[in-house]
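Residue numbering begins at 1 within each chain, and the chains themselves are lettered A, B, C, D and E in the order written.
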């Protein structure tokens, strides 16, 4: 019984050639804290050499096209790996919370039309710790069990943004969903957190997805941050010597 | 005779399996002052072991999923106790007054389709008193009579927010409704006020709903507030000794 | 010939049992300056013991229910006195100018469907004078003539708000309308101004509508204001004696 | 070929009895700088004793009714002089630029349904000069030729507001239109600029439209401004005597 | 497979007589940084003596008509050179990013209905360099090859605004598109950047489009800026002599 109608009039999924996967798993990688969702999806698409099969568009997305090797791509794209019945939705743009509902509704409606067996929205979770654990929340205990050796259960609290909307719609539509949250410390891109999430996805999907590139990026970023920290410390020491010397920014 | 149409296009009630209650009573627990509505509904659902039968969703709700034991739930849910012909709508999120009208209209339309015999929106009412009385307002004297020994009549004034909208829609639709308002002192969660409201509901529904857990929570909160008050008093005495020491906030 | 369509999608008049008046007069009492419209309508409904036959509702009204003797009423209601072919629309809430157009359109469409013979929107008009005259403006000289011994014609200027919208819609629909404006001095409720307007309505409708209660209220308010003025004057004298004593507000 | 649809859902022209003019000229007088459009239309309607045949209404107009001799009129009205196949649209209210598009579209759709031979939107144009020239811009050289002895061509630049929207819609609909702009110096009502525009309209329409009243008003306004200027000058001389005396505003 | 609908309800292309080009190339010249798109389109329309065949209109465009030789034109127009199967969309107004999506969608839907073989949105790209290179981005390597000798590939990054939306829609609709970006230094009109873009278009279209006029304009602008720079330098020298002399703006 459904009272009333709340159509998702602002968001379109356009997949012209159709989907060949049977009961696919759909992973959603939208950028959030630590850009975890975007990095995870980008790396998986690249490692599995997934094929772009469509785009998601909306009047409410910012009017921006993204370039790779001079080729323009819509900023939110749908990729498929038909051998593994695996679909990835990858967003290169931050999306206003105002349309999280519409994206969630559109994605889950589409997932239902494909008889998807699982949705995996990826998010980041900020803590004060050095660790890079992966947390999980799900629509049911069965989905939590799938990752019980690799991820900690996020027992209580809430998940907001697009991952939250996807979980809500999954709950309401009785569609299995598993949200994986990469532990990170702040808003800067965190390839190491993304690598840890990918490990959980690899295990879950029984796939081998290399995170080598992400770990190298993380090492590089950390080395640079370390150098910068030393310079700042040095600069601070210098500063104390000259009273007129001031550092900005 | 109805001139014009004001459909409730922003709010959906989704109850897939249908409702088995006959002429149910529907209690609406949305958070407001003292979180009375939310606490009342949560406790009733828990004590009566009510079964979730659906959700309410809206593009205008914040995009957030709530977690209990790692399981994600939509933030506004519908529960049923078919033995007692009792339905509870429970919201874990604050809702913008802008959609109070739509929620009221959707809930009352749905209540009519179920031949509900009574709606009981729960609210809080802030006073300066230590007491925790329960106040009542209704669409008719008959409903006020149902609780005349347990609740004071809120003779004059007005009720705003979702409870107000539900009362308006009930009035217009000639559907019996009884608003119960738990007396509280401010915005902090007030389990004792909720316990008092539950006592009225128990009596009205001829049900035994324990409020033991709420009373314990209230005792605990009050003990902590008492300790805090003593510490603050101590701090204030210390303050008077040091002229430069100032406490903010 | 009508080019285009501007439906009034935001406002509903709900009158389930229908109207038994023939060619009724419809008086609209929305609160404005001096609350004149609201007080006039409340007093007429009370004195003529009019029966509530419906409500007006809108997504754009504030979500509030009003209580009389513990019973909840929708804030904008429709009353009828079938013996006198008289309908009163009474609003207990201030209404945003943004929906004045929709209310005007909905009310006049409904008035046409009832073959109403006259609409009487009530408003306040602020002047600097002590007097409590009643001013009139109308869709035609014929309507002005109906009250020419009791009300001054508001020769030039403009009327804004809901009364203005009702006059516009009446003008466009060629429906007779007579706006009565009670002279008042400011935003405080002015029962005396309302009483004067009721005298004009009584005369026009050939009805006896007592304004005794309003005059008593006005006397009481004025006595209190007089006392307050004396106190303030006293306080001001005291103030001049003590240089640090200052009164605010 | 028309791709897409942009209906004008916010603006209505209501002309119940229909129009008897054949291939009429339609003059649009909306207030703008110097109130030129409003004054021109008001004077023409008055001098030609045109009959009101309808109104234009919109949810987006301010909710205001205008009074003439105690009679309430909708603020935007349509008048006709059937002998001269002449229609005037007269607005007594300033209109938000946001609905200029909708007014332009509605008016031009209506003009097309009437097989109008010419639209004449009136506007003001602010310059620093004492002169009161009339400028013209048109959808074609043919229309500019009609007034080439009386008005200067506004060779380059742009026209914004309702007159601009009417010109755009005329251009797109291939309907002849001629915009007449009265030269004025600022925002104060300028009857002399309006009189000069009327002279051009009279010549164009081969009609005698007296501007005597406007010229007298202009003389009166200018005399008063002259007196005010002398007083201000006097005040300034006084000022120079007292160093602390300052005039604002 | 298309899930959901996102109609472009805000933007219309009106081309009454139809298009005679077969598989046309469509160049879109909307103003942006350096006004490059607008200048390119204006010059091409003028040099190829293209014929206006339509307009683009929208409720969300500013209400403004543009004048050339006293004739009023809609601000966004469609021109055709049927001999060369070439269509140019030329905008004289800045357009809010909020409707970039709708313009992109409407233009690309229309391009598809015409079986267009290529879309060429023009944009500006700001750098710190003196150079006036032309950059290219495309929906495929094939389109980049068309200009590989004349334009540098914009390898990575993003393009925002209307050109970005047109690229996104082309990507999603699998319609070939090539964005040409004229290198410029800032927001002032840059005819030299436009001339360089036109050279690339000429080469691509195998057309001779003179840029003589633009180069002369550029020389003139640069001479004036040079003079101004000298004056400012002079002024600055003067300034250093008098401590109280300050130049603003």
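Keep in mind that, in the parts below, contacts are C-beta pairs under 8 Å (C-beta built on N, C-alpha and C of every residue); 3 or more make two chains touch, one makes a residue touch a chain.
Because the structure is predicted, anything quoted here is derived from the model rather than measured.
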item: Shared chain contacts [chain C and chain D, defined touch]; value: none
item: Superposing rotation of chain C relative to chain E, computed on C-alpha atoms, to nearest 5°; value: 145
item: Equivalent interface positions on chain A and chain E, same or different at half; value: different
item: Separation of mean Cα positions, chain C and chain A [Å, integer]; value: 58
item: Whole-Å separation of chain centres (CA-atom averages), chain A against chain B; value: 36
item: Of all residues in chain C, the ones touching two or more other chains; value: none
item: Chain contact topology (line, ring, star, complete or other); value: ring
item: Of all residues in chain D, those that touch chain E in their complex; value: 1-6, 97, 100-102, 104, 136-141, 144, 153-165, 167-172, 174, 177, 179
item: List of chain D residues in touch with chain C within their complex; value: 7-16, 18-19, 55, 57-59, 61-75, 106, 109-110, 113
